[in-house]
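As written, the chain order gives the labels A, B, C, D and E, with residue 1 at the start of each chain.
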Amino acid sequence: MSINQEFKPKIVAFCCNWCSYAGADLAGGSRLSYPADVKIIRVPCSCRVNPMFILRAFERGADGVIICGCHPGDCHYSTGNYYARRRMTLLFSMLDYLGIEKERTRVEWVSAAEGVKFSTTMNEFVSAVRELGPNRRLGDLRCKD
Amino acid sequence: MNGIGVFVCHCGSNIAATVDVKKVVEMAKLEPGVVHAEEYQYMCSEAGQERIAKAIREKKLSGIVVCSCSPRMHETTFRKCAEKAGLNPYMVEIANLREQCSWVHKDINEGTEKAVILTRAAIAKVSLNTSLYAGESGVTKRALVIGGGIAGIQTALDIADAGYEVDIVEKTPSIGGKMAQLDKTFPTLDCSACILTPKMVDAAAHEKINIYSYSEVEKVSGFVGDFTVDIRKKARYVNMDKCTGCGACMEKCPSKKALSEFNSGLSTRPAIYTPFAQAIPNVPVIDPSQCLKLKNDKCGLCERVCQAGAIDYKQEDEIVTRKYGAIVVATGFEVIKLDNYDEYAYSQSKDVITSLELERIMNAAGPTKGHLERLSDGKAPKNIVFIQCVGSRCADGKGKSYCSKICCMYTAKHAILIRDKYPDVNVTVFYIDVRTPGKNFDEFYRRAVEEYGVNYVKGQVGKVTPEPNGKLTVHGVDLLDNKQLKVEADMVVLAAAIEPSPEVRNIATMLTASIDTNNFITEAHPKLRPVESPTAGVFLSGICQGPKDIPETVSQAGAAAVKVIGLLAKDKLLTNPCTAKADELLCNGCSACFNVCPYGAISYEDKLINDHGVRETRRVAVVNNALCQGCGACTVTCPSGAMDLQGFSNRQIIAEVDAICR
Amino acid sequence: MKKFLKSDLNALLDIISEKERIYLPVSEAGQTNYAIYNENSKVDLDTLKTVKSAKEVFFPQSETLYTAFMDGKKIRIAQEELEKEEFVLFGVKACDVRGIEVLDKVFLSEPVDSFYKARRDHGVIVALACGEPEESCFCKAFGIDCAEPEGDVALYDCGDYYFWDVKTEKGTALTEKCASVLSDAEEAPVKEKQEEIRKIVSLLPYMNISLDSWKGATTDEKFNSDVWEELYKPCLACGTCTFVCPTCQCYDIKDYKTKNGVQRYRCWDSCMYSDFTMMAHGNNRTSQLQRFRQRFMHKLVYFPANNDGMFSCVGCGRCVDKCPAAANIIKVIKAFEKEGNR
Amino acid sequence: MSHANNKTAAAKIAEISGTNPLKCMKCGKCSASCPAFDKMDIKPHQFVSYVVNEDIDALAKCESLWYCLSCFACVERCPRDVKPGKIVDAARQMVVRQKGGNYLSANEIPALIDDDVPQQLLVSAFRKFRR
Amino acid sequence: MQRLIDRMKELLADGTVQRVLGWKQGDLGYNPEPHYFNSAEELDEFIYDGFCGANLSKYMIKGSELEGKTLVLLKPCDTYSFNQLIKEHRVDREKAYIIGVGCKGKLDIEKIKAQGIKGITAVKGAEISGDCDELTVETVYGEKKVAYKDAMLERCHVCKGKEHKIYDELLLDSVDTCDGDRFECVDELDSLTPEEKFNFFRKELSKCIRCNACRNVCPACSCRKCVFDSNKFDSAQKANVDPFEESMFHIIRAFHVAGRCTDCGECSRVCPQGIPLHLFNRKFIKDINEFYGEFIAGEDAETKGPLTDFTLDDIEPGERR
């Protein structure tokens, strides 16, 4: 499959304030680049990410959604990411039924110290989404204009 | 109608180099609700803040977006600025154009396009922001220090000296910690006990300090200023009030097979014991796994010899519940288990020992009364080999990835002490690097080489093989000579890595403090807030935060104390207003939120609800704002969407999603 | 009277669909609903009742009214275009045809609903007499003869042929277009068929249900009856009855946030929903009893009172078939009949 | 080998061995553990530097490649997961590939095996030459 | 059934209960409706037969607000829902007197009609006291025979068992009706390619008319106000213009009831468009079982649900064990 370089996917990244958002800041501080297609939304914890947000993003034309949180065991709120992990595991397995390829959704644990991981994760994720091409299946037709 | 102001910071050239800030301003002006947009060199500067304040006042802005560096950097700055100008501080949103845009994207078109979108998202969010007001909570003027080593003792002393009450919880029968086990300290070679025991005595005697020895923290609830802690005082079987510390019981105890923890298992102790002679409190404990009376109701000798009548076999664990305003974690370290390093024959030969064991051997109160001798046959060693970095700096998953920091110095100390006392003993140190940053540290190491003739060889040891003649062959390499070496040794000392005490994981969970992959507690900021945990009111002292030597530990202990004092000096604390809030009209009272709340912040009340004219009593969720930390777990578990998070509401996040996907 | 061979049905549809859209019952994923005909459609004229009635062709479940969008800082509005192409609604049963008449009363009286009117003006209705009416049917109670449907053209399923009876000018125009497939026919088989249908109708349990007590009903008496208290209890407050009903015409107008503006659309609403006619002050019907009562009072009392006695129920029986709790208009009518006899 | 070729060869070795030579902290534990140390012209810990410095020509020519017993003591003990043994193995493999297909096929081997050869040597030989 | 009626009358008479929540006879032989009986005389219209599929546990949310105790009849599968509602504080156990009634499999009139049977005037053989082998359907076109099994609801073929999980007393016998694997349908779906899955669900969901019958009948969907009716998420759309609307509604609904859904199958039973909605719930149940260990919602009224619980080494999203 050839990678469509022209295609600029819309990627929504939900990052928890304490680890992953800080990890993204560290990636910035270390000048570790990743595609500008990634736009970060700061949430206090990965457990704040409601499946509604993810579906909303796809509805509005996102091509990929990634959720980043503290490593299991390191949640600032001690247990938030464990709940997030279960929720996303189930949700993702259902999105498959509605035609969202599993490569379009991802959960990654990125600590505040893992600027490198943040950047490589985003690079990988974006190229995986690019390879899939635009998300046409779960978009709302009314959102095109 | 909204009046939103957008302020785009150049951050010198940090942002402006890869983001066309003028374009961002221009595009921001087109967004609904935006009535003001400008750019400036440094928004966080005084002049920059003044511009913001002026715009807020003059244009009566209802919300502002600052497009600048990470909110983790300057959100507080801009909130304060807004507040001064008369705007609610929570009407401020930051678009992170530096760390998450200009610094990671090189192409100015891409950078600008993304900056515009991030700004748009922040505008969309801020237009849904509502004014939030911090609540107030009181401060219990007492601190808890978990761990009674040098870190805990110093922190407690400093806090107590400032006039606040401190409780120390120490899991072993005596305070003192690892430092009490050390023989001498580098680089001055002071006797460890000589400098530590006075501090222990000070702590015990201090009217503001209360020591819970042989106790553990069982449960922590509450929040900064108002923690409630359950402390389990383990049954000592000795009445602390009656015991005079005469020691008769320990002498008479017939069960003497237990390995002495204090002597690193190199000697035995009785079932009723104090860990060491200078123990504080000087009250023994009975080890129920060893005591014949407690095990099978025989013996009872100690009870008979105790003139004070202090022995109480019926004693049970006791839970003490106390309130604290602040908690300091000073749980210290352990030496790692060497199971993964069989090549060094630690498990095969008694003459392969760890450095901490050597400390005990060298110590006059130790198992050999301070004589340097082989544990296998009691003979004096002629050749001693030290192996550095055992389990430290390992990337292979067997050991620790970090440098344990103290080994280079204590090995130099050991080498010097040995060569000083036993000049005929040859000492070889196999090292990878010798790391001696610290005052007088390198000089100390050089003295070992230059004055004491310690043979430092660069190269890690491959393996140690015990020989039939009782000797040990050390298979090493001299990388500088490019030669393989086989050194015959009588004793091998391993500088084993140190790791945080295993309890710290449990304690951190109770405190909701985060822990890194190595079990060190994460500090709130690695450089700027090194003694605070991200959880408000929880502070860090000593090795629980990262490897450090005694001077560093003591300085950090003092620093943690200062932070605690600063907190306890306040009468009221402001609480985070970004808490969860239940919409009573939508709440089902189903308890889903209660089940996921890590702080026990949610309770239920039967309330009379007026739902659009329908009046009925309903079970509804109520959030305790002082307990809620704002994680949002409840908001997602709530099916009806009754539970929302202030400052990160559903509609705000959806607005951001919409803005990004537009 | 014309006729065409059943085997020519597709030929007929193809002729029409060359120029015009055809809406007709199509089976998709196990259910039959009205859909636009294309060569892949699984046309299903045998199923008696489509799940949704034919009303959605003239009054779609959702339709955009206009779109407002941001042009810089200005707001611009794009009006949705009215229907301007001719289309054919094919295979409509007598009850649904009457349903459309009911809707006409609502949407074509002042103020005229331009979207609806445009569709009505451009739509040609080809009705189809019922083959085997079912136990839930009670069209006869409303004076509808399912053996002789209204419409622009009426079709009759007689053996190998569909008979084609032109009823209006629109029907004549359509007949001309389809002349190549149609042939002349005598009326006898149709009469025979009608008799057959009417015989079945006479056997069905609900067909002779009496609406006498509702004719010229006093609103207060019905409204204040205790019977509602019993009747509403099983109701789940879902909108199934409303959405399958050929005459329910309530809609909500909502805004859909598009990428840079809003799309104002209207969509079917149900008086069974708790947020129906929700206003800033709250809701004017706060209990399910009130909402349940509203639906039937509207169909049987309020609507006839305002429309010369025309009930806004056509006896299609869809609600009887589909109500998850088996609460339906028949039970309401019967309960009041019992109440009256008490 | 040209500079560019050395560069690709170095990358190839890293790829075949699956190790990252940059992780080496030059502790020398590999050399300390190596039973064939004395026979080697380039010492185990140096293998890593040769790859890092992209001096593959020298590495390819060295005797050490053939003295390595593939005992994997260095692989087992390397604290940095650099695994010099794997690097040697990779270098050897590269040399063998370059020399062309003049190595044994599996079918030829049984006839050539001396019954007295210790099993361990055979295993080691297979490790070295199997590819 | 007489035994049941007598017992109910007894409990009404001695004041144990104030009313009975059961089923009232319909007029077509197959359309009984849930009904509150306030007196012994009213019970003359009571019926309990094969067509009494409706799960009455949800009616007990309102029932719990009424004065005094309500006698409620629960089939084995309904008791799971009732337990779940207790767990969520939506019903009051003290306000309910539960008679666990036996079940011989419930009937789906749609399945009878799908066999081409029209103009039904009566159905015989659906009585709970009978042996439930064969139904005799009287129609205006004559009498037809249908095997009881062939007219059973899908859910009864994969029945979780005829054991009542909560009751005050038990009456009437049950017959095991399970002759299929509950998760076979999920396995079949999972074996499809993403494209096939997408096409399958798009076809099914595009039939959805947003009538909310599935939601309103669902005992797990017990919210006072559904998120899709409130503006909390900007999600109240009511429209069905685009497949996304339905997808969103149905996935979120399935997600919200995940770990709480007892697989009672009411959603599929009531869907006017015959959408196999239970597939979504089954999928989640199967995943939960696979990922976090066997969990049956409503088996008791205490155990924490899988989505309000966790273990430290849970599977990672997107991973399969």
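Simple rule for what comes next: a residue touches a chain if its C-beta (ideal position, glycine included) is under 8 Å from a C-beta of that chain, and two chains touch if they have at least 3 such contacts.
This is a predicted model, so every value here is computed, not measured.
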Interchain contact steps from chain B to chain D (minimum; 1 if touching): 1
Touch graph components, with chain B removed from consideration: A, C, E | D
Per Cα centroids, the chain farthest from chain A: C
Most widely separated chain from chain E, with each centre as the mean of CA atoms: D
Closest chain to the centre of mass proxy, which here is the mean CA position: A
Centre-of-Cα separation between chain E and chain C, whole angstrom: 30
Separation of mean Cα positions, chain B and chain A [Å, integer]: 30
Computed distance of Cα centres, chain E from chain B, in Å: 52
Whole-Å gap separating chain A and chain D, where each centre is the average of the chain's CA atoms: 42
Of all residues in chain E, the ones touching two or more other chains: 225, 227, 233-234, 241, 307-309
Per-residue overlap in chain C, given as positions that touch at least 2 other chains: 256-257, 259-260
Residues on chain C engaged by chain E in the complex (per definition of touch): 28-31, 33, 48, 51-52, 61-62, 64, 132-136, 200, 203-205, 230, 233-234, 236-240, 242-244, 252, 254, 256-257, 265, 267-270, 273-275, 320, 322, 324-327, 330-331, 334
Sites on chain B touched by chain C in the complex: 29-30, 32, 612-614, 658, 661-662
Residues of chain B touching chain D in the complex: 343, 389, 393-399, 432-433, 458-463, 475-477, 479, 482, 484-485
For the chain A and chain B complex, residues of the former touching the latter: 10, 12, 17-19, 21-22, 24-29, 31-34, 36, 39-45, 47-53, 56-57, 60-62, 70-71, 73-80, 83, 87, 111-113, 119, 143
Residue ranges of chain C touching chain B (in the complex, touch as defined): 70, 72-73, 257, 259-260, 278, 282-283, 286-287
